[in-house]
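Okay, here's the structure, questions in a sec.
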């Protein structure tokens, strides 16, 4: 059988527009979401509508960006591992040159390490231009590792990846040390919009956020995560824009905060680990090119600017869906009624998170 | 603009065959993987080849299945919350009837609770037939919650979902209490296959697994997870079979174990939180129907059997990709060489995890 | 050298009284705290004073109690492990008899298990009367394990403890499945007491609790924990009452909640894992006997009642110290000023947490 | 009642000697342990005996030291928080001066930050000489915070401690960013010592460590921890040397590694978060002075050297107890038999962890 050209056709819709401002982009844009879960579209759509009713819309602040890969080396003993770590930090400039020699775009911007027993984990941090940077980081790390094995005494190969990176696993390290784009989104929803569009109050949303997202996730044994369903929006957005959607694992580790400000609702989603690129794997597909172009992420800009724009749009999209679901869950039965209504319209629908 | 019928066409290939035995299915089957990361296909393919060289192939044991939803109620105080919890457990049979009254397939099979301050989280566990069961569980929980609010004194609505479920968030509770299908896969790779196909030794794989998956993830601050890249295989399989791929977040929390057994390699992947269904959202799409049928998951079987079959195939697929990547990472430079070779073949490729 | 009778003399003070009500004890009592950190005494003392100014004082609700030990067995394969688990659950009544045969006080009240690869972790839950129960649980588990190894086919000894118990390690399982006494404490502080004694407002305490205890701990990568310094009070109380103070590791995993209720402060500390006993190791020391007696925990009561009383007093003590520190941290400089004042009084002092 | 001079007299014994080498100290020393759990003494004693039978004894490598405190400030919005963070990093030298102005010993050696919503957590890292440094860090942070509030626009006081430090809570951040002394201990136990003194084999210890400490803790939902009972030894050592024993909470988060090296046992305990000092609170008590002096930690040395010596002795003590317990748990019934024997000797005893 020949299935070389087969595709999994995931239903996709553009929703919006949503309004964005902040330190990366000021724009109003629709966003594409590919998903098997059709209720996601109206849910994000409602949040987008809210964003258009706030003067500044969603203010998205990008506060960090880097891609990482950790290598693992075995040393003769801990003392040798310690000496190796000191050696590595002392030669940072030399290692930067190694990276420059193997990549046009990757730049080594930081090194962290940890020693356990006779094992040394070294976590390299790179800037990677407009690419999400998995490949660049791996190739640069491969070169760095080869260089270190040749020049640092007493160490031998452990692994090109020591899971201390960490890619597609839910851990604490990515949020603490940084991996991907770190974007904070904020939206101040006027009181009447809270009432009329979200059918709730700021106080109810703030209280639910504390109890469900902060406390409920904590009791469930969550790790650095407090949100209702970041994963849903990220999946839809990542698929629609050619991203490696397995990165929703760490991407879904983010924090929603909500405050009642005299009846207005301050609503914020922080996404410390957005792994997105405007170039690279998956970006050559026709619909991806089209989508990225429509999002304004294929424009002539300085290196990295298209990817940053993509990141803040992704983050703003997450806020829209998060706000809408939380508002719905403040009201008994609202989710179920929405479900039944959608069912009546002959659509299957999945509700909640 | 009309984009009602737009799709995101994710490239899809069938790889295999892989051999499966165990308490759910004995079969040899190809598996479909939809992904933007083309190196996934040969990687899983190599693991599949290994499975065909082992007499029993991948032995997949399903050890649990349930779907959950937690509701949150606010009580007057902790004493009232405690009384409510006792009340709820005492009326389990009555609550079972409530569920039977609102669903043909959902069956209430367990209740757990936790109290913090004056808040009561109640986690309902259901069997949901061949569906992954998100909707069923939510609708049944909505009915249960309504019933409880009417009949239990001193409590009021908190949320239809308290994040103690937990859906699409990486937590500890799902593994400990169960959510989705829990499948253990095991493969005994003969020594010569380890050498000839995987180009490594059992001892090297076992050692790498300890250092990278167990220790490295631990140091990264992981939660109930020790694997290299479960998320990659799950994403590809979920997209190809119409699953809600956001469930890779908890699905990726699983454990790889490897042992050197006199030169043979014992290799095992445990996936405690596989959320899959053979019916439900996304399953009506043409290619999904085709794929599920080809996988033998649309056959006439007892309720739930098609979903269980799908789960063990998913789990076996994960093992194939995990084995292949770990074996590659035991050898310095192998990943990079594979990458360069694929590049030369005019393909983009992402390496590692 | 002979040091058979040496002691480490930890400074100890009684502070209070504090007022307690709830489903275990209604009392006013001073509490003993042994610590090298002298600021702990006035800090807990201030909280105690607040408790006396609230009509019901601290309402302490005990919502669960059990002691656990997990054994680890190796099975031929996962299928055998699964069969063994089913076998074990099916013979619960028989296992209860095994426990009755080796202990007067231990009662088997629950069994949980988890399978990974070919390994089976079985977590036994016991009631253990007035003892914290470490020994009882271990001895009973030893008998159970011996019995299982003789009667369940295909399994062999792994470990008498598989760290799935979990003793003196910070994990999620103890809170989710229960270990030790689970006590919720609540205190409604009248507005004027908040102002006059705590020098703050309910709104400020509630806000600080969200930002520091819930969010700050989350960002730090905490696991099932949201409090400022439970560990301090537990250590002091455990040492003063002959407890195994290493159990502060899991004991410190608890949750503080605070709400502004029209200016009054609702303040609650939930301690899911209090490991305390009124009999057992360490309880025979003179000062411990004296302290337990003064706390009313050596009275003639039904089995277990003295330990439960001890647990709620411990939990109430924790609330006192937690409330006092949080209130102090709402005010810039207050901690430092307290420190300087104590220094001036020729005392060393450690501040904060 | 007057109890100003009361003490909790915790039974204390010196065990050993144990042999230590490495980058901080080469010594043979007994160690004091204060505990209510008497089996701890022979357990550590057996490990100490093993250390004396290895030529280099326990090789202890100190790989990091720092004390931390995080402050929390509220900004007008995320953009202001981001600007504040940049401002703070740019003025590191100025902040160092602030610290020098308020402390003789504290030195600011690092700054990390994290932004969530409009909140900024700033984590200051200090060297603190021979003190554990809680107070120094808090006082310096208080000065820093005051300075920042006066000089950085758009921010206001949140908390002197934001739980991002993190003190006495089990989190991931301390291990990843460093807090306290980070000490790696290693011991190569000759095969015949494994057999004769530990009554086991290197292979059995290595296997148990993987299954119990690495896997079992992982399944329990542990965070950055893989050991059997670090907390027991730390508690005993901390109490005997006047440390703030509540720091066993994070101290107990460490990693045991074991390998079979041709029949010899490589055994290593890594303790990333040892919080100890040879001066400060609790160190003025007579028995503490005596103990520190006997340990050689009150000698004339360069600043910080006594505390480092104390840290490696603490870490070596932990290794002794960990090794002994793991060895015992490789043998069915050994723990119980030890218990029964101790009981027969009219002593109460607690077993295991």
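A, B, C and D are the chain letters, set down in written order, and residue numbers restart from 1 in every chain.
Quick note on the criterion: a contact is a pair of C-beta atoms (placed from the backbone, for glycine too) under 8 Å apart; a residue touches a chain by one contact, two chains touch by 3 or more.
Quantities reported herein were computed from a predicted structural model and do not represent experimental measurements.
Of all chains in the assembly, those touching chain B and also chain C are A, D. Interface comparison, A-B versus B-D: the higher count of C-beta contacts falls to A-B.
Averaging Cα coordinates per chain places chain B and chain D 37 Å apart.
Here the CA centre of chain A is 21 Å from the CA centre of chain B. Contact of a single residue of chain B with at least two other chains is seen at positions 114, 116, 119, 171-173, 175-176, 215, 219, 221-225, 255, 257.
Those residues of chain B whose C-beta lies close enough to touch chain A in the complex are 1, 3-4, 6-14, 32, 34, 36-38, 69-70, 72, 74, 114, 116, 119, 121, 134-135, 138-139, 142, 145-146, 149, 157-174, 176, 208, 211-213, 215-217, 219-225, 227-229, 231-232, 234-235, 239-240, 242-246, 248-249, 252-253, 280-282, 284-285, 287-288, 329-330, 332-333, 335-336, 339, 348-353. Across the complex, chain B is touched by residues 172, 175-176, 210, 214-215, 218-219, 221-226, 255, 257 of chain D.
Residue ranges on chain D touching chain A, taken from their complex, read 22-23, 59, 61, 63, 77-79, 81-82, 85, 114-119, 171-173, 175-177, 182, 184, 186, 221, 223-224, 255, 257, 268, 270, 272.
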